[in-house]
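Chain IDs A, B, C and D follow the sequence of writing; residue 1 opens each chain.
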Amino acid sequence: MARLRRLPNLPLALFFVALYVAFSLLSPRFNNATNIENILSGYSFMAILAIGESLPILTRGIDLSVGSTVALGGMILFDLSMILGLPGYIAVPAAILATTLAGVVNGLLITRLRLQPFVATLATLAAYRGSVYAISGRQLYPELGTKAIRDPWLLGVETYFDVGGATHLDRLFGFPFIPLSFFMMLAVLVATQIVLSRTRFGLDLKTVGGNPEAARLAGIRVDRTIVAAYALSGFCAGLAAVILVARMTTSTEALGTGMELTAISAAVIGGVSLQGGVGSASGPALGAFLLGVILIGLTLAGFSQYVQQIITGTILIGAVWYDRVLSQRRRRVAERLQGGEHASIA
Amino acid sequence: MSDKSKVLRNRGRRRFLQGTALGTVALAAGTASTAGAGVLSSFVGKTYAAEPPKKLKMAFVQFLPHTVPAAWSKGIESVLRSQDNIAYELLDGQSKVEVQISLMDTLINEGVAAIFLQPVDSVAVAPSIAKAKRAGIPVITLNIDAAEKHAAHVEMSHFLGAKDIAKEMGARMGGKGKVAILNAPPGIVIRDMRTNGFMQGLKDYHPGIKVIADQAADWSRKKAQDVLSTILAANPDIAGVYGVNDSMALGAVDVAKQKGILDKLVIFGNDGEKDALESIEKGELTGTQYTDVYQQGRFAAVAATVLATGGVSARSFTSQGRVLMPYIIATKETVGQIRPDQRW
Amino acid sequence: MRILIGNASLDPRRFLAAYALPIALVLVAASFAVAQPAFLSVGNLTGIVHRVTTTGIMAIGMTFVIMTGGIDLSVGPVMALSGLVAYFALQAPGLPTGAAVLAGLLAGMLVGAINGLAISFLRLPPIIVTLGMLSIVRGVALTLGGPELHQINGQPSYTFIGTGFLLGLPFSIWIFAAVALVMIFVQVKTTFSLQIATIGDNERAAYLSGRRVRLVKAMSYVLCSLTAAAAGIIESSQVYTASATFGEFGTELDVIAAVVLGGTSLLGGRGSVARTLVGVLFLGVVNNGLNILNVPIDVQLIVKGAIIVIALAFSERVAARNQT
Amino acid sequence: MPASPETPLLQARGLTKRFGSFAALSDVDFVLEPGEVRGLVGSNGAGKSTLVKILTGAHAPSKGQVFLRGTPLPAGAPLEMLEAGIACIYQHSSLVPSLPVLDNVFLGRQPTRRLGFIDRRTQRERAERLIAEHGIEVDLGALVGNLSTVKQKEVEILKALALNARIILMDEPTAWLSRSEVTKLHRTIRRLKSQDVGVLYISHVLDEVFQVCDSVMIMRDGRVVWNGLVSEIERQRLVDLMVGEKLGAASRAATHQERKPGGTGEVRLSCKDLTRRNLFTGVSFDLHAGEILCVAGLIGAKRSELVHSIFGSDRFDSGTLELNGAPIRIHAPGGAIASGLGLVPEDRHRDGLFLAHSVAENLSMVALNKVSRLGLLRRAEMNGAASRQIERLGIVPQDASRIVGRLSGGNQQKVMIGKWLEAEPKILILDEPTVGVDVGAKAEIYTILRRLRDQGTAVLVISSDIEEVMTLSDRIAVMVSGRILSIHDAGTITQDELVARIGGAA
């Protein structure tokens, strides 16, 4: 039985705010327009990645290959625009298509070959990274390694909007420029949220994760749903790759190494249950920005880089613990009301 | 052998002296003319003149924790410590580009006086550097130049170094034989520069030498041991091994020692960290590309001080300062020149 | 027999299911041998074992954790930490090597204890707890030892652990063998491992059967970190160096891959140390073979991924076929 | 289109299902007419579940064919079966705990608008209409996981109704229902009848079969051994057909036995006004050695909560627990077991068994120290003990290495009880020991419990099955909404009185 957790991300949001305030007090430079802009532009891609990651997790799976998939998308962008000189409006869709297909492959390995998601995506983590090395334009044409991508369509992703100026909010306070990547993230967030809460597919996802047997008996096409989940995860990885490449004006073979773990942390901090069936889109996004705020905040507060790692880890565990405490309290209350069975030990 | 080695020694020393000269000249060229004074004064440990009241902050964004950036940091600190109006901190990129970029953003927002940067990639960090320039913050890159013109670049050429290694190695192998490369996985430019340099070197000086194995050992001594012993199983007649960093080269030495074929193998590393130099003196490791990384850090620090306090705005850099660190191919013959306080 | 396939009968299909991986291992090894005869040379074969000692020892510990339905991502940094602690202990004048090693192991067990407490007593998801510890322990190690490489000089008795030879075989292989035998015994013969498996199967039932579920679970994490610490000490002595950067990212994934390849389900409930060892050897052989054939890194990774998939899919098929 | 008289609503011809060499179902024929309620009875492993699985499309038959109004249905296709209007209420929940009731009711078939958007309004309206029609009380917004088992069953029924299915299969629908809810369910079934729905009703509770079914079909060893109108068969014959003559006699014998109220008179366990806030209050009773005390009551009377608090797997706020006259405090099951208690929990899959482990391993999990020395397992002793219990409980197949998950419900139940017998507890508490267990196994379990009692064990049984209470108990404690209403010696209270008191009558 999937462990039950209702999830208004309220506690997380509160934690986020508390942390934000704390950092603002610790360092004057934290709560200013520029820094907010940095957070938005620096972590929107991670939020997208986390939202994508949460879909496989919803189906009781996990996608360890997102990091390599990002690299794959990045390198394809690199090759298409640097070697073939294709314009962004072709390269970008192509790259995203490729990463989506990578996701489909994950899904098929899991559904057709009946591999455990963890292993299947562990294998593709290696395989996709290998493919990145194989197709790397930097290895084929070393001179490209020192050239920047100049394609306007692609670099256009890295633009900022003076929302403050447009709305005259900046007269009231220093209003950050909002990066396009943030709006892309919002789009993904809203879309996913709607899909999860309003559509058949979203419900099927939760059903497959919550009680696979029931899903099968209800005639839900479990396999198709799972494949779709991984495909979407791949799609999000593609978007992330586009944003990153636009930021760096290039791509490297090592891009995305270890990103999967950050994405998973973000998702779980965001209240996506690893037992499946429980999750939202806002949670993971919030989780991703939380991680960003922690890194930047600690840096501004002048903590030593190594102490930072210790604190980050502690906060990660702390967040989950806090969430667990609250959900247990909620469950107890629910039992009181429903007069249900005794709290399960497991 | 003896006169040959004499030749080598002389050659080595000559290049080292050239290098140092070149280095200072370049520094002078690159930075304001006062820099020279700055260099000297800061070396004798006096504080730099005309301190503005508020404390300036400088930060070094390394790519990942490793001996080389650690030594740079020490070098940088040794200069900055002597100037009590400057606060210094070391930040870690966790070997992730996105983190490094985010740290750059943060430092720019913080308005630091100067940023030392060990770029993971010359292009990937260019936008961040441009951003720093807009904010009037001088960026000094270490070892890997950035595509974006910036304040100063202090480098030990990996390409040329690796090329010289190939030359030296070939000379010791008598211009023929089989070579194995203990490499790193792609993703960091250094790896490509060194590999390409080495191949170029063989092509130019010793076309007779064949590279029969190029395997990734992930910068790790343990992996290097395993990989090399595997390679040796298939090709017992290998005459040379090039480790793209010293750790891997030392791993090769471990294997050679254990198999008792140390005298048959010419093993070169790259970086020149003190463990490697020791091993060279013990006559185990054949050689490595050495540069005084402390010094490299100091040069960077000096440049930074000048730029941050000398009233030179980062915006005004049309051509960037460039300090070419002199290096030597440290071998049993030349390693003696390296003073203990130059070993990192 | 029982060691590999628990209490399965000699029914041929079950037999095949149980030996799918070993068979695959033989096939792969054979093909490498054909492509490169040197593959079968004694030196290379011992080389394979020597190469997997550290991963193998960790995989053994990981098996127990995964049998409880948990997972431990923090093994990498634990390696670094234990190596460092041992190194610093060695610096202490007059401290015997044994004590230094013990210190390293204790450091590891401490980490394991924290994992265990958080997971079984606070009931936090293992993947997150150990993920957090991954970064915490790394941070601690770096604060302790900095990024530098600490050379271990003049410690013959310590470096013997990783580089010494006994009866013509590397000493570390003997350690590996010893650990393996002991742990196989533990897994097959002790109530501890039976409890571990049943907890993975149905934790609440185990609790209601009066089992001290939390304690046992916590112990599995201590055990896992202990093996990681041992691996760390072995590595540090193999390379005469201790450093906070050892056990780099990816170590944990290699270890987990080996365990899963051995047929231990990540859902917990069943698992076998012996099979894990087969999985370890499998990966070892693949890596070694790809090196010996000088396959470029990109192809290597793709092939490795493919082989994992094929091997697992194969054993999955066989298992599914005799599923009634 | 209306069913023409000659073509039956549902017809199965020569259904056969083989797993490897073992035939779970061989050559089964039957028809189901519109508005017919057909009972399906048989011991565990008789093939009932397999038949259901085939009808729902979960399994494809090895041979044979299913026809709906004369048209053949595809084999092993859940979706098509559902669309054909064949719904099933399973023994084990087929709900998603993490989703609200509303979504569960329409699981997999939510009314959707364009682009697969769920039409919330229609969905809610339809659900509310159903609720109104069938008089089921449930909060559509509540998370199923937070509902009690009973409520969950109701949701399942609602789910089936939402399909406006023509045929509803009910596999042990009343297994977790209290008496009143059973009658409610039967009312629902009659309503369905009136709407020309065909119902296949699987139950071990024969009374229900006689109450609600028009016709009954008896299965044994994968074959249909009797098939006809309920009116044509009387209970005893049915039992015999189900379980075979020998067991039939046993179960007959089980019903009349001499009672020993108060057992040996020695008080083993005594509860003195145990109280846990919001659950139970002021619970006091004595449990004597050598007696069977049944705690009768409706599901939801908090009896499980009570025994878990006694057993230490849960806590109580106030009150005292005395063991052999000495007060004790139990903090965990381990302690309880150490002081001679045993608890056979209600839900064997959730709380009782290690489904992936062998019979032997399951049996030895409580008394682990008996089959081990210094933490070392002694497989020989383990298997010895296992075969002993297999013998004693008549677990089939007699294979200690068999994986428990592959056993039939009755045998699983026996394994769960055997696990505790191994520990030889002085006090054995059983929570609904015969739920979803066939008549034969039931009788065997009763015999086992009596044997225990006669050996001087104090036995506390929680049961919602009045028949069981009347059959088994030496004394009966009536528990209503968290309070012990009264305690009676068996024989001093009639079944009807008991029913009344359980209902809460003074």
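Here are some notes:
In this text, contacts are C-beta pairs under 8 Å (C-beta built on N, C-alpha and C of every residue); 3 or more make two chains touch, one makes a residue touch a chain.
This is a predicted model, so every value here is computed, not measured.
Shared contact partners of chain B and chain D, listed by label: A, C. The chains touching chain C as well as chain D are A. Farthest chain from chain D (centres taken as the mean of C-alpha atoms): B. Among the inter-chain contacts, the highest number of C-beta pairs connects A-C. Per-chain CA centroids place chain A at a distance of 30 Å from chain C. We define each chain's centre as the mean of its Cα atoms; on that basis chain B and chain C are separated by 36 Å. Centres computed as Cα averages put chain A at a distance of 44 Å from chain D. Touching of two or more other chains is recorded for residues 95, 185-186 of chain B.
The set of chain D residues touching two or more other chains comprises 313, 350.
Each of the following residues of chain C touches two or more other chains: 142, 202, 204, 207-208, 249, 296-297, 300. Every pair of chains meeting the touch criterion is listed here: A-B, A-C, A-D, B-C, C-D. Per the touch definition, chain C reaches chain A in the complex via residues 73, 118, 122-125, 127-129, 131-140, 142-143, 202-204, 207-208, 213, 249, 253, 256-257, 260-261, 265-267, 296-306, 308-309, 312-313, 316, 320.
The touching residues of chain B, counted against chain A in their complex, run 89-92, 94-99, 101-103, 105-111, 120-127, 147, 185-189, 192, 196.
Of all the residues in chain D, the ones that touch chain A in their complex are 56, 58, 78-79, 82-83, 88, 90, 93-99, 103, 107-110, 112, 115-118, 120, 142-143, 145-149, 151, 278, 300, 302, 304-305, 308, 313-314, 350. Within the complex formed with chain B, the chain C residues making contact are 36, 38-39, 41, 43-44, 47, 50-51, 54, 142, 146-149, 151, 163, 235, 238-241, 244-245, 248-249, 288, 291-294, 296-297, 300. Against chain D, the residues of chain C that register as touching in their complex are 7-9, 189-192, 194-195, 197-198, 201-202, 204-212, 269-270, 322, 324.
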